[in-house]
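Shared between the two complexes below is chain A, which has chain B as its partner in the first and chain C in the second.
Right, the complex of A and B next:
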């Protein structure tokens, strides 16, 4: 990619989720040169995997679309997908960065007509759907993907499927000889916006995510609601495809727990409250949601949301950290065991489906950063002088909702702008 | 009320949590409990306790001294360690249960007829004699714990078990006459004496 021009007045943004896009756009719209890199084949990050956003319950697509338009319209932003940072050295105002771009095998000629996807036979677990359901070996990451361009799974290269894909394409957009590319650039400041990942629910042994089909995670639940998702937007439970009408939500699954993540992931209370509205949306008064919680952390402006959910008679709250889940073999129902701390009664409650409100952890482990950065006990990047001109945005800095992630992105853009302004001033 | 109990009441007045922190083994952890309930829900004995661990911890903080110390709840702990494995705050709950039981016993507040308490005391008396448990004597003393007639009945019921243990050389009738012990019985006496002395000093501090 010889055509990438970057100087020490350029800002590099790593991670193309809502935070990275925001930081890149804020800086670019202030007239700065920005390179935005994204590891995956499209931008949007985990927000594109949500059905609806709290607190307003709008669909994420509209916010995404606005950002995509802003990116398209702004010549100061250069977007590189399937790209990661391999190495970083230097200091504030002068970083040497090596980027690695994985081959997509599909060029800009692609019109997203989908003929290659039809032609290919191999199927893989769908990343977009957190492994619920399949995608083809030639695929569009998701409906709203930007760029709207297909990708070939690297494992079909060299197989007859690859040739089939190439032959099916009417626009000659498939290039099977594409190779990994390495690019060296110089930038003045780096915004690190690599986001979060859901805590691995398999580690929470007593909840049996690895053993019981009808115990799923909150991120998977979002995918079930999506009309383009693995169940076509129906709340079907995995074991038997039955409609799940009595759904339990377990809070702090992996958070606030010294055995797992020590921190409060902060968004999962709101996420579950939001997801109870999905149950109502699907079934009206026939659906039932039960939230098992230690305490509900919906603060400030979002307390209203909590009060509204509380007023819903079909939603109940049980103040209890669930001790363990067992499965009723005959019905496939997960049975929750614990003690209701308001009254100390023991319960053994069956539900159709259990949703674990899993915690958020940083997507990049501290030892995997290409350059030393200061992180806190939970692995999130700290605002620290020692980090030079490397600034964290969004969930790379803390467990945040979109609103706060975007605020943090704007703040990091301002910090980066100050650095490159200083460089510009010195170079006069 | 024992002297020590009286002294403790006066010393700590309304602050039972402070008393627990100072006197109960691992008692300083009680303040770390966040009342999530996972320990209570994890306990195999849960339905049979008056107060599961998390409730006991709340009662300690609420200053319910008499109710806690005379409760039979902590005596129900089987040391399964489920609660410790699951507690999000890493409280050593099992150990706190035993610490509370021991403290209640020392103060003379533990329920007299609580079978675990009785067994624990018998076990201890049996053990300190020779540094090794004399299974035969311990067994016999347990059978007769609730009176002579009851004892004969229990012994008869347990006879096949006893015979099996003898066959497997886990139990010897000769144990009734003396029985096995540690090699260095003087050393054992010295250790126990020292432990007793430390304990007595602690108690004397409050009884003076």
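Right, the complex of A and C next:
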């Protein structure tokens, strides 16, 4: 790795999802020096795994393209992928940070030609597809991956596959001796943009995510729509590959529930409303969706999206917390049991596929922060003077949609700039 | 340009280019046809040695124009980044070898394609110069904040903390805005159990103690002119005295008005004094200052009904179609005013969907339940006075029955209406040089396109909304708080901090002549040749960002710092007098002209594709990564925005023997994806007139097609090109081959 130049006027941004990218770019475009680190091999985070955004039904890659171009064009941002924070100490205006960079085994000589990927044989569950499909042991994380550079799965190192990859590369871009690197830097402020993870659906036992093939999560559902996803963009259900035309969406799967996440994850209602449009996009009048909900939270200006979906006669709404799911053995259909609280009717409704609108929890558990920060009951970082110059951006601070995450990230950039400007003033 | 142009063309043989095309032939084409001064081939141009070869030529041979003939301009940007030279790319990898089959019969057309792209890249460099940036820029580290509510005060304090001076303009006699009339606010920190102090007094004290912040009370803006870095603003007090001050950027935090509840007679507002709005209840609580709240006739309150979504989320005439976001939590907060004082008071929140999102919302809702607040899913039809109390008639949606409840007090959750000034689409603009003050306007801008920020929907100011929520259509002016989207105080604080960030950035960029988002850092800006201008006003009308004014003779006046460099003005200009240093009618026009057009009998048509660099061009690149094939007869030129496409390119293409032209831009309309907001839309309107051109040339209308293409259209974008190839096969070759 080339030398990293950082001073206590530098801002460190931890996490390369949309919040981290935004925070880094807003600060850099203001003339500040920024180091942006990302644990994975490419930037983009969770949004790169979405098919469309609500409410505009546009594609996340569109904004990603612009953000990637901003990174390419801006020399104030130094991007380090495969990198995590190991240790942090110090105080506002003067933090010592130890970064740990995992080996990628592929150098900047890589042209993303793809020869190594073709040469290797081993396959692994695709992280990008939430394990629904496979990827090779030498792979580009996804179509839009930036840096546009392959990565070798560490588990092929030392196997014949590694040698095959190396031999296939015409550009001497594979370095099998690459080691983990540790770097110590000084920075003035830290933006913590580590984002969210989907709540573990296995914990919601009555819904049988671990037992029934045709119960999937909302994030997995997004992957089915991707033309380059595990089903080639078809809404096929896992058990038998049948077209899923009658789909149930269960809201608050793991949210607003003291047994799981006690907060409302904010995005899930809009996400399911959006996903009903996918069903219509694929199957037109043959596509049916049913939303089981407590409250539909289509908040603020975008409530009209809900009104439009509600007007769709192929979409029904049932006010109910689904009690349990059983599987009809013959058809493989999940059967939803519960009571419609509007009128108190028992139901046992079969559907082709069930999508659990899983909640959002912070990616980093509160006990895993490398330095003490104030975290609320729900695991999100609170704004607190005790945090010094460590500022949360995006879903590290709250359950947020993309629009609000970008807002939050932009705000965090200013908070960090306040600190480094103060440092500059003191030194100047 | 005074400097001599010296072009270096560098042809890469890596990634299979060397195996698929004859690079020696490409080198010859670069030198012979396109007149590059230095031409070199390299087996692996992006490695350290290849890059050094180019850098050496720049340093030692005086090369100042570099044509990289290798992969897409989107790839290997780190390697191919050279300072102080103009760079173009010939996309031989994604644009040629990855989209063509590796077969003997394809070899000839693939080679032709590659040769044309080399010709085009080298030619483009001749018509480019390195942008020098505006030399008249100013550094004005002063920020104007319009509105002294929570959003405005927060923006001011946060900007001052970063070292910038701020002036707040507030039209009333005091800071505080809507929140100043509230008793408490929704909690912003854990455990999210109880209402908390509004924090307004603390913000006001902080502002008073901060010598970087000045406050103009009882003042409005009577004129805003200029651009980022040099805004000049007339601030007029109630008494009529005016001062003019200069600012680098503006944050508009003009807030909201409460929806007029008197438009809702069915809820008894105006008929009974004990039917109040949320804002009125908070004012009552503030007045009481902790003492128990009484009915208007001075009695103790024993029961209160809170009716949610009053005149909101409704498609009825005059109602608000949206949800105001904060009202559910606000009702919980207000119910707590009663419950905390006396748990025996009945408080019932009647709602259809209770909306308390995020980390704290649900905790606050649960706290309300613990305190004994009743929540009823129902739809209220009517509130009537009955025997000294109020009868709330509603349909209970859980029990599925019509019912009613008698209460002492009814609180209506009416929504937020953006205080966004005048809708510029609905008012006439002033004549140039004839500026008049509009009392309903917030900013009173003297811009050609109107006095306030353009609105998108429901009266809220326009923004790109999802990925780039702060981007308004007036550079350097950022809307924040409920003028942009309905929101509660906590969100307004976050939003205002972000808006202050953007404003500071605008100040810094304007000082360096750099473009704002999305072409951040771009130093090019439109130059205009006055002697050729016919004062047709198309550029001043079409600029999506209102960057161009008119002087009294109707000549355009370009305001560089407002410009976002999309080129829509260049596309609009019928006499082609507008150009950028590195992007012009010539830089594209000469590329399409140098393409080798085979004669009619060769059966090799030529299709020109002008593809938006933001979405359509990346879609074609990704198609290439997936080895999706498309016609070898197309020549693709990326454009900054479809709005920058000048009709002359199409006319020239057709005149010089192209058989078809395909235009690919972004989605337009309400859910626009165009990064320049209106560019694609304007281009579509402009191109609807292309039929006249076709008619005058006696060509079939099918020869030109315009499409909205998304970045994910990996199959569709190549499909559009192939369709055009098929169309040409059907209707035949153009007769204009010479």
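Here is the rule we use: the second predicted complex is superposed on the first by the 426 of 428 C-alpha atoms of A that agree within 3 Å, B and C clash if a C-alpha of one lies under 4 Å from a C-alpha of the other, contacts with A are read in each partner's own complex, and residues count from 1 in each chain.
One rule holds in what follows: a contact is a pair of C-beta atoms (placed from the backbone, for glycine too) under 8 Å apart; a residue touches a chain by one contact, two chains touch by 3 or more.
Every value quoted in this text rests on a predicted model; they were computed, and no experiment measured them.
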After lining both complexes up on chain A, report clash or fit for chain B versus chain C. fit
State whether A:256 touches chain B only (first), chain C only (second), both chains, or neither. both
Between chain C and chain B, which one touches more residues of chain A when both complexes sit on the common chain A? C
Tell me which partner A:341 touches in the superposition: chain B (first), chain C (second), both or neither. both
Chain B versus chain C as contact partner of A:206, first or second or both or neither: first
Which partner does A:324 reach: the first (chain B), the second (chain C), both, or neither? first
Nearest Cα pair across chain B and chain C, whole Å: 5
Chain B and chain C contact sites that coincide on chain A, given as residue numbers: 256, 319, 341, 344
Of chain A, residues touching chain B in the complex: 206, 252, 256-259, 294, 319-324, 337-341, 344, 346
If you look only at chain A, which of its residues touch chain C in the complex? 18, 25-26, 29-31, 53, 55-63, 65-67, 69-70, 72-74, 108-109, 111-113, 143-144, 148, 170-171, 227-228, 256, 262-266, 295-304, 307, 319, 341-344, 376-378, 380, 382-383, 398-400, 402-404, 406-411, 413-415, 417-418, 421-422, 425
Interface residues, chain B side, partner chain A - complex: 34-38, 40-42, 46-47, 51-52, 54-55, 85-86, 88-90
Per the contact definition, I'd like the list of chain C residues that touch chain A in the complex. 14-16, 44, 46-47, 71, 74-79, 158-159, 161-163, 189-191, 313, 315, 321-325, 351, 353-363, 366, 377, 397-398, 400, 457-458, 460, 465-470, 485-487, 491, 494-495, 497-502, 504-505, 508-509, 517-518, 520-521, 614-615, 618, 622, 625-626, 666-667, 671, 673, 675, 710-712, 714-715
